[in-house]
Amino acid sequence: MAIRVGIVGASGYSGSVLAAILASHPEVEVVFATSDKRGGESVAEVLHPTGSALRGLRFVPNASALELAAQVEAVFLATSAEVSVELAPKILEATSARVIDLSGAFRLRDLGEYTKYYRFEHPRADLLPGAHYGIPELFGAPPAGARLVANPGCYATAALLGTAPLVAAGLVEPDHVLIDAKSGVTGAGRQAKEDYSFCEVAGDLRAYKVLAHQHTPEIALGLERYGKRGTVTFVPHLLPIRRGILTTSYLRPKPGVTREQLHACLRDTYANAPFVRVTEPGRVGIKGVAGTNLTYLGVESNGEVAVVLAAIDNLVKGAAGQAVQNLNLAFGLPETTGLESLVRFAP
Amino acid sequence: MAIRVGIVGASGYSGSVLAAILASHPEVEVVFATSDKRGGESVAEVLHPTGSALRGLRFVPNASALELAAQVEAVFLATSAEVSVELAPKILEATSARVIDLSGAFRLRDLGEYTKYYRFEHPRADLLPGAHYGIPELFGAPPAGARLVANPGCYATAALLGTAPLVAAGLVEPDHVLIDAKSGVTGAGRQAKEDYSFCEVAGDLRAYKVLAHQHTPEIALGLERYGKRGTVTFVPHLLPIRRGILTTSYLRPKPGVTREQLHACLRDTYANAPFVRVTEPGRVGIKGVAGTNLTYLGVESNGEVAVVLAAIDNLVKGAAGQAVQNLNLAFGLPETTGLESLVRFAP
Amino acid sequence: MAIRVGIVGASGYSGSVLAAILASHPEVEVVFATSDKRGGESVAEVLHPTGSALRGLRFVPNASALELAAQVEAVFLATSAEVSVELAPKILEATSARVIDLSGAFRLRDLGEYTKYYRFEHPRADLLPGAHYGIPELFGAPPAGARLVANPGCYATAALLGTAPLVAAGLVEPDHVLIDAKSGVTGAGRQAKEDYSFCEVAGDLRAYKVLAHQHTPEIALGLERYGKRGTVTFVPHLLPIRRGILTTSYLRPKPGVTREQLHACLRDTYANAPFVRVTEPGRVGIKGVAGTNLTYLGVESNGEVAVVLAAIDNLVKGAAGQAVQNLNLAFGLPETTGLESLVRFAP
Amino acid sequence: MAIRVGIVGASGYSGSVLAAILASHPEVEVVFATSDKRGGESVAEVLHPTGSALRGLRFVPNASALELAAQVEAVFLATSAEVSVELAPKILEATSARVIDLSGAFRLRDLGEYTKYYRFEHPRADLLPGAHYGIPELFGAPPAGARLVANPGCYATAALLGTAPLVAAGLVEPDHVLIDAKSGVTGAGRQAKEDYSFCEVAGDLRAYKVLAHQHTPEIALGLERYGKRGTVTFVPHLLPIRRGILTTSYLRPKPGVTREQLHACLRDTYANAPFVRVTEPGRVGIKGVAGTNLTYLGVESNGEVAVVLAAIDNLVKGAAGQAVQNLNLAFGLPETTGLESLVRFAP
C-alpha cells in the first residue's frame, strides 16, 4: 500500500523538485499538489513529463490544502515560514496526517529569534519543542509521536553535517565555528526581482545578510541538539549558478588534534550513512552532488585551523530530498527509497 | 532475468551518462565498463554514487572489451568512430552480443561520405546496409536480425524528429531543409583543449564546421530513410552551456499548407511516442528537456517559411538515453524502461 | 569646445553603457542624465566610477528632459518607443538640439508596421521620412538637415551589415534572406520578470517572437534603403549570456557566384570601416566583440546556400556605441572618437 | 615623450589585458610584445582591434626579450615565476630598464617559502630585499632606486587592501586573519586542461590548495610590510566566472572596537585613493569592479567577529591594471593615467 501524500506549494523550486522525486518514488502516491499560480494545470506536464505517477493530477488552489489533508498520511509544506506557521497547526489539529515542513517555521525554539530573524511573532511556541529537526544522519528517524518534522535549512544542513560531529566529539573549540557559505540562486526561491535577474547575477558574486542570516541560530541550535552548543559566525554568498551549496567551515582544533583525527571522526560518524561521502577536500564540489541527495565532506588542518568543506544540492539534500528521506524514515522505509535513482547533473 | 550488458568507453560524457542510466535500469545488469583513463577505479564511485546497481564494479581497460563481450547480451560502444569501426565487427563476429554503437561509424551508407566527413576509409562497407539507424519514433524497434544498431547523432536526432514527418508527408519542399543548430559543450566530448576551456567558451557563441559538419549527410540520409530524401543545409553553433541542443529548422511549405496542418502532422506522428511533446514554439527550450530523454517540438509558419523548433538533451535523447531506448526495444521491453525516472535539471 | 549632450533614460542597460562611453569621450560634455529610478544619485558613482568626466553630475527625473534639452546640442533617448515617439518631436520643436533616438520609434516608414509590431498608433508620420537611419558603414553620416537620427536596432544592425551589401550587389537572391539570430539577455532591457531571472535563463536556450519580431520590417526596409528590398525571415533566440549578438544569415547565391566573390564584396564594402572586420567564419564570435563597437563578419558558401555570420555587442555597436558613432559623424568628428579605448571583455 | 615599454608574455590573460590597457595609455609607447605562441601575428589584431596604438606591432619570440629590453624604459614580465626569476636579473644587469614583474618571483623574502610554495630553489636572494612590493594604496610609489617592482598577486591584493589597515591600526587581533577567497577562472591563466574545461567548471564550485596556497605567505608578509605581521589562514575557491575576485576576511576585533571604527579606518586610509571605494558590504560585488582597476571594500562586525569584503578584477587591479599603476607612479605620472577609461563589464 502506497503512502498517500500531498504537497502544498508544488510549483516553487523546492516544491517542484519534491514533486518530481515523489513521482518516481515506488512507495508513494501523490494525492494532491497545490499551487495558486498553476491552478488547474497538469502536474505531470509542468513538473515531470517523463514519469507516469502524476498522470491525471492537476494543481489545486492552496486554499484546498487543509481539506485535502484529511485524505493523506503526510503533507509536505513547501511554503514560506509565514504560511507554514499558520497552516501546519491546522493540519495537525484537523487531521491525523504527519506534516513535513520545508520552511523555517518550526526549526528554532527561541521565540525571540523568530522576531529577530524571521520578522514575525511566532504564535505557536507550544509546537516548537515537539517538532523533530530532521537531519537523519545526525538526529535519526522522526520519533513515532513526532507528527511535525521541521525539515532543515539548506545552509544549516551542509554546515551541520560538516561541523557538528567535530564539535560534539570535543575535537575543536565550540566557541569558534565560522562558516563561509556559497549558494546557487534557486536558494532564493522562484522570484521576479531585478536582483535575481540573469543580467544582474551572471558573472557576479556577493555576500548578503552578512552576520544577519536566519540560518545562524539554526546552526547554533543544531550544534546544541547534537551535543554541544557553539558560537556560530555565518556569512552566505550568492553564486552565479542555479543549484548547489558549498560551505567552507573554519574551526579551531584542540591542542594536538590532527587532520587524521578530524577525518576519522567524520568518516566514523557517517560510516553507515548512504548519502554522505567523506573524501579529500579537493574532491568536494557542487557538480559532484548537484541533482542528488548526496553530501560530500572533506577536512584539512594545519593544527591551528581546521577547514571543513561540505557540498550539497540545496534543493535536494537541502530541501526536497531530505524531506523525502524524513518521510521514508517516518514510515519505516529504507531511507534511500526513491532517492537512489537521482542522476548527477554532471556532466 | 536481467539483460547482461557491457559499456566500452564508460568514462566519457556519453558513456558516463549511459552508465548512470543503466545503474537504475530495473532490467539490466552492467557486467563490465571499460575506461583506460579510470582503469581500476570503482564505477559506482565515479559515476553513480547514489545507486546500488554498480557496487563492486570496477573500470577495466578498453583492451578487455572483446573478451568480456562474450559474457553479455549487448555491448554499448561509447567510443569514437575510429574505434567503433574496428571493434564492432570483431564483437559481432566473435560473440552473439548485440552492438549499440553511439559513434557515427555505421550511420551512413556512402563510403565517400566517410572519407569526406570522418576522414577515414571505411573498411566495412558490408555492414552498413544491415545496421539499424535507431530513432525509435521514426524507425521503430531494431529488427530481430539487426545485431548492429547505429545510434543516431545528437544533432541528427533533433533535426530529424522535427523535419522528417513534414518532408515525408509532402507538406514542405524536400529540397529546402535548412537547420540552424545550437549545442552545449558536452557535445564535443571530454577534452583538454584551450578552445573548450571555461574562459574561452563562457560568454561566447560561434558557429563551427559551417556547411561541413558530418551530421549533414546523416540528416539527409535520415530523411530518405523516412521516405523522402531532401537537400540539407546545416550549421552548428557552440553554446556556453553544458548540455542540450536546440535546432531551428527552416522549411518551405507547399502552397496552401497552413501552420495548423504542420502542427497536426507532428502531433499525429508522435501521438503515441512517450518521449515527444508537440507544443507551442515558445515552450520549446533546452531547460525543459535537459536531463531527460524528452524531445520538445514546436512549429510556426507564415505560409512562405515554416520554422520547426526541436529541443533535446544531447547526452540523453541525443546519445545515452536513445541507446537505452534502442536496447529496450531490441529486447522486447517497454521503451520507457529505466528512462522515466530521469528528473529534469530545471530548476 | 566640447559638444554638450544629455541622456534621457541613463540607468537602463543601453543608457548606462552610453553614459560610460561618453564619460571618456574627449569631445563631449554630459550636461544631464535622467532616470526616474536613480533620481538624485551620483551618475559617476552608479555608472562610471573610474572616470572623472561625470563627477558632480546627478540623475534628474525624466520629466526634466525637455527643459534641459534647451541647454545642449544633442539629446540621446535611451527610452522605449512609446516614450521616444512623444518626446522626440517635442525636443525637435522646442529646441535646436539634435535627437539620437535609440528606440524603434522612428526606424520604420509604414504606419501599419507600427500598429502590427509595436502595438501603438504612430502619431507622427510626418517625421518618419526625414529620420536618418544610422548605420554609418551603410548609410554614412547624418545629413546636415537631419536633426533626428533613428539609431538602429541591435539585431537589425548585425543582420544588415552582413547581408545588405550582398543583396544590393546582386550576388544573392533578394527574396530569400533568412536570419537566425541569437542575443544575450541585456537585449531585453533591465527587467524584473521571472522569465529573465537567472534560474530561468541559465542553461537554457529558446526562440521567441518566432516570425513576429519587430526587427523583421526594420531589416527589410534597411535592405531597401541600401538599394534592394528583400523578403526577410527572422527568428531571434535568447542566449544565456549577458551581452552580444550573433546572426547567422542564410542567403541564396545567384548561379555561379562563389564564396570568394561574396567575401570580396564584404571586404571591399568595409575596406575603410574602422569598426568592421571581415574574417573567416570560425573567427566570428561574440567574445571577440563584447565590450567594443566592432562588427565581425564571415561568409561561407557551397554554391546553393551562403551563410553569413555577424557578431556585435548588442549594447555597443547595437545601441550606445553606434549612437556615439552617429554623434561623432553628425558633429564632424572622426567616427572612432571616444570608441577606440573600449577594451574587449575577453579574457 | 612617451614612455617606451615592452611586454614579455603578451598573449596570456594578464599579458593581453596589459597590452590592451597600454594600447590606450596616452603616455606609453609599446615597443615590443613577446609571445612564442603568437609569433609573427599582429598584436593589434589579436589584442586590441579598436585601438590605434598597437598598429604595426607584431609579436616576437620570448627569446628576443633581453635584447629588445635595451630599447625601452620599462619591461613588464607577464610570465611564470620560473621564467621571471631568470629573466628579470638579466634585464636589470644588461639594461637600464625598470622591470615590473607580474609573477611571484620577487614578492617574498624567505627562500624557504619559495621552496615550499613555488617548488623551486630561488637563485637570487640578493634581489629580494630591494624589490618594491607594489600595492600603491598601501606602499606608495616605487622608490627612485627600486628598478624591480614585484607586482602583487591577485588574491593578496584584495586581501591586503581589506585587512592590512585594520591590523596595522591595532583594531583587530593580528593572530587571527582568516581569508576565504573566490576567484574567476582566468586566475589560473590560459590553459588547456580538462580541470579548466567549460564542462568541468560550469555550475561547479570547489576549494583548492586548501591551507597550501602560495599567496598565504605573501599576505602575511604584506601585513608585516604594512606594519604588523599576522597569522594568516587562506583558502581559495574556483568560481564559474571568467574574471573577478571576492575575498571574505574574518577578523577578531579588539574589545570595544565597533563596526563604525573599522569602517572609518578603511575610509580614512583610502580617502585619497582614486581606485578604492569603501561602501556597504552588500554593495561589494565582482560585477561592480570587473573590467576596471577598482577595489570595493565593505565591513560588518558584531563585536566578536568582523567581516571584510573586498572585490577586484583579478586581471586588472589584481595584475595588469596595478602594473600600469606602478608604472605611472615610477615615472611620475598621475596613477590613474590610462586606467580611467576602462568601462565596467556590467551590464
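Residue numbering begins at 1 within each chain, and the chains themselves are lettered A, B, C and D in the order written.
As a working rule, a residue touches a chain if its C-beta (ideal position, glycine included) is under 8 Å from a C-beta of that chain, and two chains touch if they have at least 3 such contacts.
Given the structure is predicted, the values throughout are model-derived calculations rather than measurements.
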Pair exhibiting more inter-chain C-beta contacts, A-C or C-D: C-D
Computed distance of Cα centres, subunit C from subunit B, in Å: 39
Centre distance in Å when subunit C and subunit D are each reduced to the mean of their C-alpha atoms: 36
Cα-centroid distance, subunit A relative to subunit C, in whole angstrom: 46
Shared interface positions of subunit B, touching two or more other chains: 13, 186, 190, 199-200, 203, 240-243, 345-347
Touch-based graph of the chains, sorted into line, ring, star, complete or other: complete
For the subunit C and subunit B complex, residues of the former touching the latter: 178, 180, 182, 199-200, 203-208, 210-211, 231, 233, 235, 237, 239-244, 246, 248, 250, 281-282, 284-287, 290, 300-302, 304-305, 307, 309, 311, 345-347
Contact footprint of subunit C on subunit A as seen in their complex: 13, 185-186, 190-194, 196-203, 240-242
Residue ranges of subunit D touching subunit C (in the complex, touch as defined): 13, 16-17, 20-21, 24, 48-52, 186, 190, 203, 242-243, 275, 277, 291-294, 315, 336, 339-347
